[in-house]
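The structures come next, written out as structure tokens.
Presented sequentially are two complexes of subunit A, the first with subunit B as partner and the second with subunit C.
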Partner chain A sequence: MTKERSRTKLWRLLYTPRRNRWLTAGPAAVWLGLLLLAPLTYMVVVSFLTVSEETYQLVWSPTLAGYSSLFSADPIWTAPFVDALLISVFVAVVTTLLCLVTAFPVAYLLARREGLWVRVIFFLVLLPFFTMYLVRAYSWMLVFGKSGVLNTTLEALGLVDGPVGLFTFGLPAIIVGLTHAYFPYMLLSLYASLDGIDMDLVAVARDLGATRVAVVRDVLVPLTLPGMVSGGLFVFVPTLGAFVTPDILGAGKIQMIGNFIEGRILGAADLAAGSAAAMFIVVAIVLVFVVVIQVVDPEELGAV
Partner chain B sequence: MIGFLWVPLLVMIMLSVSENPSTLIPFEGVTLDHMRAALADRSLLVATFRSVQIATVAAGIATVLGVPASIAIVRHQLPFEGTYRTGLILPMIVPGIVFGVGMLLFVRTVVPGLDTGVFAVILTHSVYGLPFVVLIVTARLYGFDETLEESARDLGAGPLSVFREITLPIIAPAVGAGFLFAWIRSFEDFIRAFFVRGTTDLLTTSMYSMIEYGAAPKMNAISTIILLVVAVALAIAMNVGAVTDLVAGTETE
Partner chain C sequence: MAGATSDGTRTTSRRRLLEIGGATGAIALSGCLASDLFGGTSSGGDPTIHVLTWEEYANDDIKRRIEETVGVTLEITKSTSSAKMFNQWNQGEYKQYDIAIPNNNYVPKMLAATKDGNPMIAPVDRDVVSNLDGIYETFTGFAENQFTKDGSMYGVPIRFGWYGYSYDSRTVPDHEESYEILFSPTFEGVDLSNQIVMYDNHFKAMSAAALYLGFRDAFSGPKVTLSASQIEDVKTTMIEQKPTLQGYIAEDPRYIKQFKQGNFLVGQSGRNEIVELWDQGADWATMATPKEGALAWFESAVVSEASDSKTKAWEVINEYIGAKNGATLAKTGFSPSVNPETKSELSSEENDRFGAIDPSRLEGMVPFKTVENEGAWQTAWEAIKAA
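Take a look at the complex of A and B:
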């Protein structure tokens, strides 16, 4: 008891709101500074250096060689990096739109209905969501490909003569794999947003003679815009930097930026060019955030 | 849509117990041989155990740092509060390949004595797990009645006993959920670990090698086993705790 009291006394003595603030906020801030901001800042620095071809050590004199190596091709759009960049942006945009269009109806149903089957659907959606990303990407590898389940089944049923090009590895397979991977993020984001709105608004609009399309366009979409945008970010950002899915489902034919960076860093040990390429992902993401903040109040995005 | 989510996984499950592990047609019968082979693979078990250890330590660090940080955000007046919050969410937003390469450069060439390996993976994952802890715990802190803490203080409790007797019991479920989320993120992460692991094999990197070198039967089996474990855990969690709210909560607030 006395021990407890003296400890309390000691705390009273040491305790000031200011100290308390630093004790609680400080450790995480230091951790982030040392292990996130410092490495990323260092990466920016490395992108302006070169790597010695003899010693594989960084040469400490500022240069744009890392960046110019990315674009050294004539004409410029034939450079592998430019190719990878364009494909990445294309894939990210298509995947985000696909997720939005397919997740919206499901989220709407889940938000409007209750009961056992809603819980069952949640279970069925969340299970893939909690399953290892690698496993989900791999499962599509079994489905696609020349000798994948899709093609062999179609052939065995006598529906097609040879493998169908659409179902071999390549861009469609990558987009399907990424949509599968990030669909739950969009769904949960839209669900959280739809769950919060007053569904009477929909009923009122319908009573007043609005068509279904008009209700979606004039009521649901404006009200769930923050959810759509934050869901879109949760899909777009990781898709842009995807590595595993294009690696497994692209069969070496398709390179996204992620694969390009990996090839530079681990394959060619060209740390400068790899870092420079990574800067494009960072800049693209910052640009997307700047655009998003123009459209939606950042407070409404919550986490983002 | 649910069908779309499930078709590839069902194909994988069927192939994992099929005599002919590469295609469904012609179907040649059911076998548990692939499962047995996967479970008998010693190096795979060692890698799995290593992944479990890394996830536990990393999620522990993320929780120990993330809970006070959440309290600071919700209860204290912080200078640069917006920046601090954004910083804590950042590890979740930065694409894995960027973070992985950044950490690789950092541990290789900047920090003396630190190189790639298990320790580097733990450090990387401890940062990666922070946002999940912070998002879940702050949501809980915003949701509870602050006057409980005030009354305890008025009655003479010091800051530590307020935390131990009032705050901690109330936020405990959120702390647990945050730890679990950080744990899962670490356990399933491939890309960050891939860059900083050095030559150490983890579960995900071993699985990646299996995919690259075409060990399909074993990969099907181990993937199916993981899916089953997740299914059981999720079914329990959904009945015990409000998992859906927590998950939906992570995405928006």
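Take a look at the complex of A and C:
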């Protein structure tokens, strides 16, 4: 009893709304501050510096040299950085759409069904998550390539005379590898969204004469939009900055922005230009978030 | 709080469990902090030497022998490229490591890199590195040319090798060894379209192209000095080459795997990769030393100026070039040691492959060097990759 009283007393002494806020939001704020804001701020600052060619150290004098070095081509749109940026956006958009298109039917089926097989499918979908990202990317190396499983099988079946370019290393292989890597993010987001939908609405719409396409378009898509958007973000953001998969499955022939940054930092020891290039990924992601917030209420995203 | 239940067994309350967990965590944390704060001394009292290097240096036998002989604990961090080692070192990690072992062309960079005006690497303590007197003269010569400043040497050569190209002799016939094969869609009647691989590194790949184009003079000084127009020619040649390429590969295991899988027929490669392939039974893989000049490398160990155990660090390096450890290193990485005494520790087959490689073979080769105007090389490389 005394113990309980002293605990209550201590609680009253310590508790204030402000302290409560700090206790609840504090750890997350410290985490974000140390691991997100501080590095980001450092990166922004470094992007406006240069690296000495003699001592390889940062020169603490503000300049736009890092940014201008990214566009040193005439005309400007022929600069390798612009090319890398455009390829990255293209790959990220296509991968996101592919994940959406392939994950939606699976998520829909899983949301409508219950039982052991649903859990088994979930397990199978999440199984690749238990392996390293690098291992997953490497496993695709056996599938693609001149002597990969796809080309060898087609040749053995007599369907083609020689290796098919589509199945060698390059852009298609990168997109397949990234789609495979990020598919579960999209699936889980969509499943969470579809699982909250009253499926009677689908039945009612069908009873009222709506076609299957109309049901998807007018009922399912609007109701699962937050899930699509959050899943899309989960796929788009990491894909935009991907560099391991392009390196492995693109055989180094495709330069995405992540590879460009790696080259500047490791190849040329130019941390400043690398940071300047990385700022374009940050800005692109911020722009996507701005657009998303126009389309979907952020609270709905959180409710997925 | 622990208490007894009605059946007589004792239980531990959640609070008690948390207290125990917290106390254990605090003890562990304080142990880590103490270890960091008080010079990284292991529990046995031996100093810990932190080494940033290649995977082979973590070989258990080598590690154990050195720890016993020198009286240190070795903490080895594996890296996959000299560029990564240099960047880590340069961004302040020279304070965390006692030793780094990059390729020789990165030692001059480490020597040039300074922090607040202070050097990051320490001069070689020749009294401690006694095995240095026994290494091939070729390498002491290279070290004196490349990383000696004010009469002090700053790196110790350990292993060496060279880059040329390799080919699948089942399909590609024997020929006069030349970089031309890497730039020819058809060579000696063999269709090489989409069958060629280049090294995924601006220095190695562009150097091969420069040598192919006959710019060998640019490699004769203390630095590689390709002019702006020569870099432009290299860029144009490599952009024209790109459609015929299978791709660019940097990592040895990936090169070996893809070559064995049959994904390409010819590739720019190190000799050690091909010796490893021979070791795996792939005797069809043939190593070529191009007439225009192969690119020769040697790993070189440096010691951090910030190290508290410099003498011990040099002792460790001395062991790496000792006969026994040098032989094991050669065996593990299929690359010869700079110490000729390693031959006596290897079988005749091992000596044929990687033990008894006389460095006189390097005489016609182009040693790795730092590059003048590396920014222009990198910009050209980005354009090649974007093409």
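One rule holds in what follows: the second predicted complex is superposed on the first by the 268 of 304 C-alpha atoms of A that agree within 3 Å, B and C clash if a C-alpha of one lies under 4 Å from a C-alpha of the other, contacts with A are read in each partner's own complex, and residues count from 1 in each chain.
Just so we're on the same page, contacts are C-beta pairs under 8 Å (C-beta built on N, C-alpha and C of every residue); 3 or more make two chains touch, one makes a residue touch a chain.
Owing to the predicted nature of the structure, the values given are computational and were not obtained by experimental measurement.
Bringing the complexes onto one copy of subunit A puts subunit B in a clash with subunit C. In the superposition on chain A, A:Pro80 makes contact with subunit C only, not with subunit B. By the touch criterion stated above, A:Ile265 is placed in contact with subunit B and with subunit C alike. Within the superposed three-chain model, A:Ile121 lies in touch with subunit B and out of touch with subunit C [touch as defined at top].
By the touch criterion defined above, A:Phe48 lies against neither subunit B nor subunit C after alignment on the C-alpha atoms of chain A.
Of the two partner chains placed by the overlay, only subunit C lies in contact with A:Lys146; subunit B stays clear of it. Touch criterion met: A:Ala251 reaches subunit C, while subunit B stays clear of it. Of the two partner chains, subunit C is the only one touched by A:Ser72; subunit B is not. In the superposed model, A:Thr168 lies in contact with subunit C only, and not with subunit B. Of the two partners subunit B and subunit C, more residues of subunit A are touched by B. Overlap of the subunit B and subunit C interfaces on subunit A: residues 141-142, 147-148, 248, 265-266, 271.
Listed in rising order, the residues of subunit A touching subunit B in the complex are 7-8, 11-12, 15, 17, 20-21, 23-25, 27-29, 31-32, 35-40, 42-43, 46, 58, 102-103, 105-106, 119, 121-136, 138-143, 147-149, 152-153, 156-157, 180, 183-185, 188-189, 191-193, 195, 226-227, 230-231, 233-234, 237-238, 240-241, 243-244, 248, 257-258, 261-262, 265-266, 271, 274-275, 278, 281-282, 285, 301-304. Interface of subunit C with subunit A (complex): residues 81, 83-84, 86-87, 90-91, 109, 112-115, 194-195, 197, 200-202, 242, 245-250, 254, 257-258, 261-264, 374-375, 377-379, 381-383, 385-386. Subunit A contributes residues 53-57, 69, 72, 80-81, 83-84, 141-142, 145-148, 163, 168-169, 247-248, 250-253, 255, 259-260, 263-271 to its touches with subunit C in the complex. By the touch rule above, subunit B contacts subunit A in their complex via residues 1-2, 4-9, 11-12, 15, 22-26, 61, 64-66, 68-69, 71-73, 76-78, 84, 87-99, 101-106, 109-110, 123-124, 126-127, 130-131, 134-135, 156-161, 184, 187-188, 190-191, 195, 204, 207-208, 211, 216, 219-220, 223, 226-227, 230-231, 233-235, 238, 243-244, 247-253.
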